[in-house]
Every structure is written in C-alpha cells, then in structure tokens.
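Shared chain: chain A. Partners: chain B in the first complex, chain C in the second.
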Partner chain A sequence: MSDFDPGRRRFLGHLGLAGLGALGASSFLSACASSASGPTTGKGSGAVTIQSNLSSPQAKEAMEKLIANFNAQGKGSASLNTIASETFRTQLPTYLTSANPPDLYTWYAGSVANDYASKNLLLDVSDVWKSMGDYPQSLRTLSTEASGKQIFMPMNNYWWGFFYRKSNFAKWGVQEPKTWTEFLALCETLKSKGVPPIGIGLGDTPWVASAWFDYLNIRINGAPFHRELLAGKQRFDDPKVKAVFTRWREALPYFDPKGKAYPFQEATTALLAGKTGMFLIGTFFADAAPKDALGDLDFFRFPIIDPAVPLAEEAPTDGFFASAKTANPAGTKALLTYLSGVEAQEAYVKASSGIVLPANPKAKASDSPLVVKGKAMLDEAKELTQFFNRDSSDALQPTADTALTKFLDKPDQIDAILREWQAGAEKVFKG
Partner chain B sequence: MPFAVESIWVFWPALQGFWFSLTRWDGMSPPTFVGTDNYVELAGDATFRGALLNTVIWLVLFGGLSVLGGFGMALVLQKERRGVGFYRAALFTPVVFSLVVTALVWRVFYQPDGIADTLLRAVGLEHLIRPWLADPQTALYAVILPALWRQIGYVMVLFLAGLKAIDPALHEAARMDGANSWQRLRHVTIPQLKGVNAVVLSVIVIDSLRSFDIVWSLTKGGPYHSSELLSTYMYSTAFQSLRLGYASAIAVVIFVLALAVILGYLVRAFREEA
Partner chain C sequence: MNKLRTGSFHAGMILLSLLWLGPVLWVVVMSTRSFDDIAAHGVGSLPQSFTLDTYRQAWTDGGELRALINSMLVTVPSVALSLCLAAMAAFALSRFRIPGRRTMLLLMLAGNLLPPQILLIPVSKFSELTGLYDTLWALITVQVGFGLGFYTFVLHGFMRDLPGEIQEAATIDGAGTGQIFTRIMLPLTRPALAALGALSFTWIFNDLLWAITVLRTDDNMPVTPALLGLQGQFVSSWNVIAAGTVIAAVPTVAVFLRFQRHFVGGLALGAVK
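Showing the complex of A and B:
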C-alpha cells in the first residue's frame, strides 16, 4: 500500500502510446471495460493458479514453500503468481470479472470480500469450512457473506497497538498507560523530556491516521456503531463522530510534527532511534525493523476511554478467496483445505518474518513474548474490527485520508471537515 | 489502412471513453446510463475545481518556466566551445531518468532534515523550513520543481536544434546593419524559430496535462487535494474510488482542454502565415 510500483509505469505507458494524455486515459478506462481479455489461465482440472500480493521477500518465499509442499502431496497441483501489492489492488476487480480468471486470490476478510460476494464473483467455500470446525466463531462470521455462505478462508491475523522500546521507556522512567487520562499524562511527561511523544507517518501512507479514528471510535462509540458508520448506515457529521475528534484533539499537541512528511517506515526508524516515544501501528511495521531491535519492542493496547463500552481491538485478517468462475472448483477447495490446516499455517508463520497469528487455533504461533501478549490481547477482546478500508471499502479510504490529514492540520475546522467527509462518503456509497 | 488501425487504437477507445462519461460504472457491474449527471456533479465538485485551478497553475508555471529556462539555456549553450557538451549533457541528464526515479531522488531532497532543510539551515533561513510535500501551501510548487528540473533539459534540446537550423548568414547580415545582440535575438532568432515554437508549445501543453507520475509518486495529490491535478484526480477517482463513469467525465474534460489550447494555437499560427 505504500511503495511505488511498476504497474503505474505501465499505466503511463498507455498514456504515451496513445500520444495525447486524455485520449490515452480514456482508452485505458475502456480497456478495462472490455474485460473479456483477462489473464488466461489453465483450463479444466489443470493447476490451480494463485494470484498473490504477498510480494515482500520473506512472505513470497513462505508462499512458495507452501505451494511446493501442496504439490508434493499429490492431491492436486498449484502455481503461484506473485504481483506487486498496489498493482494487485487496482487489478483485482479486473481479474475477478475477466472471462477466464485465476482461481485463488490473497485478500482481506470483511466487507471488502463481502462486496465481491454480493456481486456473485466469489466461490462458495462452505465445503472447506466443514473441515474447519476448530476455527473460532468470530472468524467464521467474518468469512460469511450476507446469504450465509462462507466465501473466505482466513490464513492469519495481526494486531495494532502503541509500540515502544522497552529500554527507552525504562530510561524515561515511564510505564504503559491503561486509561486515556494516564495516556495523556504519559505524553506530557515525554514532552517535558524533549521527546515528541506520539510518532506517526502520513507522508505517502496517510491511511495510518485511520487507525486513530478507528480506535477512538470503537473506544467511544463501540464497534457496532463503527461498522454501521463505515457501511453508510450512520453519518460522519453525526455528533457522536464529532466526539471522536474532540478526544483526538486532546492528544494533538503530542504528535511528532515531522510525522506528516514521512511514511510509516521512516516513522518506525524514528521510533527505534528514540526520536519519538511511541507509535500506533500494526505489527507489519516490524518488517522494517532490524532484528536486534525486535527483542526490545513492546506494546500496549489503545487506552480505555469509556469502560462501559465493550472492549474491541483491530485485528485485520488476511486469507484467501476464490473466483466463482474457476474452472477447477474441486482443486481450488483442496488447496484451501490444505492451507487451512495446522501444518500449512504453522509453516507459513514460521517462514514469514512478520509478527502474525495463525487463524487456525490449533496452529502454534511464535512463542516470542510480543506475540504471546498480542494473542492474549485479541483473545480478551469482545469484538474484533478489521481496519478502516477493510470494514468499509478501498473506495472509502481516500475520503478518510483527506478528512483525517486535514483535521491534523486544521483541527478547528472540524465541522466543515466532517460535512465534506459525509458528502464524499455519500458519493462513494452511491457509486 | 493506417487510418483503420488508428481508428481501432485511438478513436474507438476515445469514443468509448466519452460514452462511459455518461454512465455510472464501478468497473465490475455493467455500466448504467445516467445522462449528463457526471458533468452536473463535476460543476459542483470543489475538488474538481481545485484540480482544474492547479492544472492551470501547472500549465502556466511548468509550461512558462520550462520554455524560458530551456530557451535561455539553449542560447547560452548554442555556441560550440570547450566543455559546452558537458553542460548540455548535464542539463539533459534528468530527461533520461524515469520520472518515478526522479521522484525518489527529490523525496530524499525534501524529507524532514533532508538536503533542502540542511541547505536552508546553512544559510540561516531555518524559519522557512516546513514539511515541503505535506504542507498544502507548498506541496504543488514542491512538485513543479522536479518536473521543471527535467523539462528544461528537454525543451533546451528542441531549441538547440532550432537554433542550429538558422542560417548564420542572417545574423551576419544583421550585424552588418549594426543590430546589437538584443535586436538580433528579437528580430532574427525568434522569428526564425517559429516552427520550433509550435512543437515546443504542443509538447508543453501535452506534458502538462498528462503530468501524473511525478505528482502521484511524490504526493498522490495530497495533502487533502492541495496538489491534485486533473490527471491525478482522474486516476484516484477511477482506480481508488472505482467511479469509472465520473473519472471518464474528468478524462473528457482533460481532452477538451488539450484540444482547445492546441487548436487555438494552430489556428492562430496558420492565420498569420496566410
């Protein structure tokens, strides 16, 4: 979601080809329309093709190993296609609507998957779920679309939290806060020591700010309201949403002013170098951290604001869904069954460097203290949310990016910002 | 035959693009016809107006400065003397880089405590330091600069070719008549460059309107649409918001703008010749 990618160059190639920018652009748009010309894949009972956006070296290798293991078992054959994640994101609708689509896709659980399901683009994988009885109800619900069929197979999830360096907290003589008041007091202490308390990275990765919105909203208004809001059943200019920003404003003076200009990867570097105190981020940030710093990392949950609100945490779930038009449903389901098994899930977690929790409850997660703590936090939560874009749609994410970065710059214009946000969201929901 | 190929490759998609601008379409379900709804919405869309204004600013600043800069550099570097090839090559080098690479280089330049900030500190102007790409006041201009850095070299080469084509005898004659260097520039060089000017103008207008990669790689049109151009707005509307009908309407506007500017110039140029 962050780095530039070669796919965009290809888009520009189109512009150049047609000579005139605008002309080229419209020809590109129409190129998608005649979507019959999708990627061509094997027919019938041939190899199952997997379209994967796990393009970081470790994740890619982990996937390659899994597929090799599956092929070695002789229950079917599969081939892996790894694609840069931004290209994958923009091309996914084209893959799914093409006449001869790839069979299986890495993607996210939640409304992003349900949205495709509602357009009848996803394969019913209820058969696979029959062998997944151990999986917790929360994951089953998450993978079930409106008509009651399962359309998603969860592979793993991860969590968000305020990460910090244990050695730095010890040096500054501060402890993890539990409540919002304690949190603000901690910020004040760090500020008085000359450390910008809250790191953030919004340059090029403005979506990181959505974690703040999500968490404040589920802490103040609760997860059900949050989901309804993101589904377009509540309004962004509602006083309840404004209350979120009123709280947020209390923490604004403690944000690292440089955070607006650099991406989250550099915010990670700043945190590790002790240039910021703590950083609300998902565990994927550790991919960019040097190995020796990992042992010094710890985190605390987003502080409690209203103890009456049932505890919810963000736990984005990654996994697979299959195309409804797959020529080889049996093979695809066999592969999914393999991927949902203890062996595959453990192998994946071990091979990928990221801090992730396997979706299969019988599969063992890494036993590092950080992962144990993260798992305990999620187990304790009454509700799990995914993340802003996963609970709504990728189309709604830019409206949040605009509203939230503007709020961080101009907090006194909050009423106008929320009105604009509502207007932008309505356009997205209208289509 | 070439016309048939051209029709399939260019005109048919363009017409289709126009048709999509009259529909509502998410790229998956079939498009539904909505008449001129998209254009009505465009008229009331503040982000679109901002993007249009930014595109005009871009056209004027990027276009104007690259012509002035490129022409100036061509004049300075047109005479063959020792080392001039090095300077020409140095100015042309940025053209060779992909714009995405250019963006990466400039991002390092603009980053907090980066080269730009260090330079300002060195000359005692640290109060001017700001998050260049994240400040809505500066983001657009911070993106124009790298685009100019590249375009000046390109325009310079076009003008150099034009200058080489001018018969030296014309300058000789003017000098005999006692014209000073300013008068020779004004009355000999510039009129002789008329053909090149048309090419440069077309190139500049087209390049301005299709400027996309540098903006997208540096700011993605942000923060909150402050560096949004029509091209980036079209892209994000189409491929992030998945509103392909509305994005097609923006594409049509870009097309009409390009056509209007270029036709306007060509008509004037032909009239002068007649």
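Showing the complex of A and C:
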C-alpha cells in the first residue's frame, strides 16, 4: 500500500528527499545563493521558461492552453515545464539558486514567497502590478515583501469550509450551523443517529489538522494574532493559544475515530458514502470526488465563536513569482501581465475544472452554486489568511503536525504539548 | 509423511508467492478501474468497472512514450559504459600487481557504503559547473560514476578466481595485454557481465533520485519521474498511475526474462569461492 500512498509528506520520506528539502531550504540556500557561478549560457531574449508544479492532468492542460494563447499573441514566447508537484517542492530552492534558473515559477503567496524575496532570489514585479490596479488591496499586500516591492502575481485562490452532502443533511433533518453552539448541537444530533459527525484524514496527511488550529485561532484570537504567532512574534504556550485547544476539546468527542488512520482522500470517500457527517477541508478535495457527487456537495463557513472578532477566512492564494536572475526580465513581465489579465484567468478557471476563484476581480468565476457561495464567503471576510505552512514556512509545519496529532491523542497533556511546540518553533525561527 | 511434507511445502510456497504477487496484481487490477469507481469506493475495494482507457491516458497524456525513450537513452549507454570501464578496471586490478590496488578496491567499496542522499547537492552543483545540468549526459555520467565501484568490485572477485594458467598460456602464444583482455578474459567473464548487466539495467532504469536531481525539464525526464508527474498536487488518478507503472515495468521485466539464467547464476557468483 505504502508505495502507492498519496500522502505528500510521506512521499518525501520514501524518496529520502526530506534531507535535501531541509538542507535546500536553509543552509544550502544561503550558502550557495551567491557562490553558484556556472557557465552562463545566456538565454538573452529567448523563450521564457515556466517551471510549473500543476501536474494534475486538467491543470496541466489548462496551463498548456494559456501558454499557447500567449505565444499566439506574438508579444513574446514562453515554454512550459511541468514537474511533479512533490519533486517541485523539494527542488524549488535548487532551481532558484542555480546559475541559470528557469524564469517563472508557480508557487504560493505569503511568507513562503517573502522568505525567498528576503534572500534576493525573486524578481521585483512592481511594473506588472502597475497594470493590475483592479486587484484588491488584500492581494497587493499579500504579494508585497518587506521592502515594499511586489514579488508575486496571484493567479487564483480557493477556500476552506465544512463540506457535506446536501442529500445526507436532508436525510438526517439537520441544517447548517452558524455559531459554535449550533455546531456542537448539530454534532450531538448526528452522533445520536450513529454517524461520526466530523470527518478528518490525518494518516499521511497530518497537515489537514492545521486547518482546525488556524480556524479556531482566527475565530477566537483573530487573524492578526494568528499571523504574529506564526511569524514567531507570539508564543505557542500563551494562554490565548491554550484557549484554542479548550474550544477544540469541546468538539473532540465528535471526530471520526478512524480519521487518524487514513489520508484525506479516503476521508473524502467516507464523507461521500455518508460514513461521516461533514469535513473541514479545502476545495481541492472535490478532485477526489466522483463527478456525479459534485452537484450534491455543499459547505458552510467555520462557525462563529466570538462575534466581536473580525471575520477571517482561509483563502490560500496560488500564483507566480520570477527568478531575480532571469536573463529576460522584460519577457517574464510581459508573460506575467498576460497571466494577470481577465482573459487568461477566465480561461484557466474554465479549463482547470478545479473549484478555484480567479484573482483578477473582473474575471468571472464558474457560476456553479458552490463557487458563488464560496466567493461570497471570502468577499464578506474582513481578513484572509493563507494556511499554516503558507503563513509561516514549510519548516514550521512539522512542529504543528506533531503538536496537533499529539493533542488529538492525548488532549489532557495540552500544557506539555504547547511547551514542546514552542520549543520546536523556536528552533525553526532561530535556524 | 513425505507426501504431507511436500504438500504443506507447496501450500506454504503458494501462499508466500501470493503475498509477493498480491501488490502486483492489485496494481494491475487498479489500472483497469475508472476514476469514479476508485473515488467512490476507495483504492482498496473490489473493482466495479473495467476500462483500458487508463493505458491510453498514461501513454499519450502522461507522455510515457517520450519518457521511455529518455529512459532508454540513459540506461543503455550507462550500462554499456559502466560495464566496459568496470571490466577494464577489474582486469587491471585482479591480474596485475598494481601498487595500492587493495586500497583502490576498498575505496570503491567504501564509496558504495556512502548513502547517495548526502551527495545530492554536490552532484547538482557539480553538474551545473560542468554545464551538464539538465541534460541526459549528466544523468549518464552520474549513473556510470555511482555504479562503477560496485561493478568493479564484483567483476574483480570473478576475474581473480579465473585460473592464472590461461593467461600465462596466452602470453606464451604471444598475446598482448589488450588481446588477453578482449579474447580471453571478457568471454570468460560473460556470465558475470550478463548478470551485472541485467542488474544495472534494472537499477538505472528504476532510478528516480538522480533523475530529479540533475534534470529539470519535463521533456528530458525518464520514466520514473514522469510517473511521479502523473500525481496531482492534492489528488491523483491512481488508475492512470497504475497503468503507467505497468507500462514502465515492461522493459525491466523483458530484460530480466532474457537474462534470467545469468541473473540467478550471477547472484550465486560471490557465494562460493
């Protein structure tokens, strides 16, 4: 089984690449960033190469179409290079620090991009943003690094929520909850009907638990505190963080006990088969659903706990950044300008078939009820967060995985777990 | 009593081989299921659909043809080159009194004990410095370099045990070193070469680590990273990946079947002195 395991983190272990990933991310990056001085086979004004991790068939095809369109316009030429997403994740630092790097990369907005920017690896794309006046301020801020330059171009984002099957909720005679109290009542009802209320999939995909931490934290302590915590400016053993886990414990008895064993893809199967009631997950899970089940899916926002806290939602943003060493900055920026346009964004959303929202506010998203509802939810939010690893770093994510998995097993030991988490996080921030 | 023993032996062996073949069968079955079937019932359930379209998808959409060609372009020269070099090195080390030959041999063995992971970054940087990065030449060089030590070691053990009288007789007949090597030693080493050839073919063909370390263009990727490329960021079509895996297994199985005789014989080479 394990060789065909879809878990992305597990895969790292299999390849023995974890070491490279860790090395590449920290020491290697700083050590070799300046020293690499290979032969510069200057590409001059040749084709712009795009290193893409969008390896799923639909997304890959969507990207191929976009690039073909761009090339047909005659404003420049580009070539697409699709790499398995798991390979891409571990090799990205190597790509960026190599002597003759690819020009453009698909990646995530937020602190992960800013990290690279702080090492002077990313191209300043403020010029591209000049033509992106329509974009909301939130996305502009997200794409801006510490010194005030834009280094990222957002392509699309998606949302997280409690997904469920409409037919099952009707069968059980239950409604979407709005508040935490209603949510717990709903869980109680489902449990009395013999259905494990909350599905989760932590085997091989332990990062899924971070969504619970993120959401409880932004609902109880607010998004600014959450960001500061993830940036190392607050402590994990703070009483405010403990309050998050006190809330979480109220919901713990309703978690599907099997969820610790299987990955989220199988948790999706369980949800669709009516073996769990609902599932806090990002929209990407729908790719693991059979087509005939898609119309039956609906979701509700993570219940409100403290109405005084400004509403925030998780909306991971995907997009592009460019290498600072690109031999063809003009061509790269021309391509970015094209990708930020209405036409390209709509074409991508249409072809990719995934449930994503275009970043360009003028581009139309798909008009399925699910997407309309998701867009409305994000529009209503005062603040958007990305996700645990995107708001912090891939290095901090394992500390969260360890702490949250332990908490789910032994909720009594929360004080010790938080102390350990803080110690683990300090090591990451120092390193 | 004897019958009972044979019976239970066979029953046990059948169970054991089923255990061995189970995962393979599972992959083959999975490759014929539709995505919706897998998504609705999970990867472990019994098949409720049958399709061969997965093979078409893996072949055309997954770019497996290009990847197989790349794999062959890397594997065949790598095997040939490394065996050729290893045979020459083994010949020299085993038949001539070269000073420091023991040290050299131990050094080659020591290289094999090193986990390849710690060399990933040096190899990647070095291939950049030499301008080979992102070419198939880089992969061939790396494969030859890493295989050489082990192949030399094995061939050295084999050649050392060939009777010295043959070499002496050839010398008396007026054969030079080169002739002894090509006309006496190589034919005699054939079983070992065939076994190593099959073994190294499998290793190099199935390698993933070096391919993704020194290559970054998808058109250059051999078949293993191409298979990995069939995975999506979050969700993967396991049926298509299974089909791709079956296709990718064909060349190695073919080579193994062809060299099976030598393969088993070759494995026992080091067993008896």
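The definition used in the following text is that the second predicted complex is superposed on the first by the 389 of 431 C-alpha atoms of A that agree within 3 Å, B and C clash if a C-alpha of one lies under 4 Å from a C-alpha of the other, contacts with A are read in each partner's own complex, and residues count from 1 in each chain.
In this text, contacts are C-beta pairs under 8 Å (C-beta built on N, C-alpha and C of every residue); 3 or more make two chains touch, one makes a residue touch a chain.
All values reported here derive from a predicted model rather than from experimental measurement.
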Partner chain in contact with A:Q265 - chain B first, chain C second, else both or neither = second
Partner chain in contact with A:L121 - chain B first, chain C second, else both or neither = first
Message = Looking at A:T94, would you say it contacts chain B, chain C, both, or neither? Reply first, second, both or neither.
response = both
Request  = Have a look at where A:A293 lands relative to chain B and chain C in the superposition and call it first, second, both or neither.
outcome  = second
Request  = Could you say whether A:D204 touches chain B, chain C, both of them, or neither, answering first, second, both or neither?
outcome  = first
Request  = Could you say whether A:K406 touches chain B, chain C, both of them, or neither, answering first, second, both or neither?
outcome  = first
Task = Mind working out whether A:P253 is in touch with chain B, chain C, both or neither, as first, second, both or neither?
result = neither
Query = With the two structures laid over each other on chain A, which partner does A:A395 touch: chain B (first), chain C (second), both, or neither?
reply = first
Task = Using the touch definition from the top, say if A:P361 reaches chain B (first), chain C (second), both or neither.
result = neither
Inquiry  = So chain A touches chain B in one structure and chain C in the other; where do those two contact lists coincide?
reply    = 4, 8, 15, 19-20, 23-24, 28, 32, 90, 94, 266
Residues of chain A that touch chain C when the two form their complex = 1, 3-4, 6, 8, 15-17, 19-20, 23-24, 28, 32, 36, 38-39, 41, 51, 53-57, 59, 81-87, 90-91, 94-95, 98-100, 102, 265-266, 268-269, 272-273, 282, 284-285, 287-293
Key: chain B - residues contacting chain A, complex   = 9-10, 13-14, 16-18, 20, 24-29, 31, 41, 46, 98, 100, 103-104, 110-113, 131-136, 206, 209-210, 212-213, 216-217, 220, 222-225, 231, 234-236, 238-244, 247-248, 251-252, 254-258
Remark   = Note: in the complex, chain A contacts chain B through residues 4, 8-9, 11-12, 15, 18-33, 90, 93-94, 96-97, 119, 121, 202-204, 206, 257-258, 260-262, 266, 394-395, 397-398, 401-403, 405-406, 409, 420, 427-428, 431
Task = In the complex, go through chain C and note every residue touching chain A.
result = 23, 27, 35-37, 39-44, 57, 61, 115, 117-118, 120-121, 124-125, 128-129, 131, 133, 208-209, 212-213, 216-219, 225, 228-238, 240-242
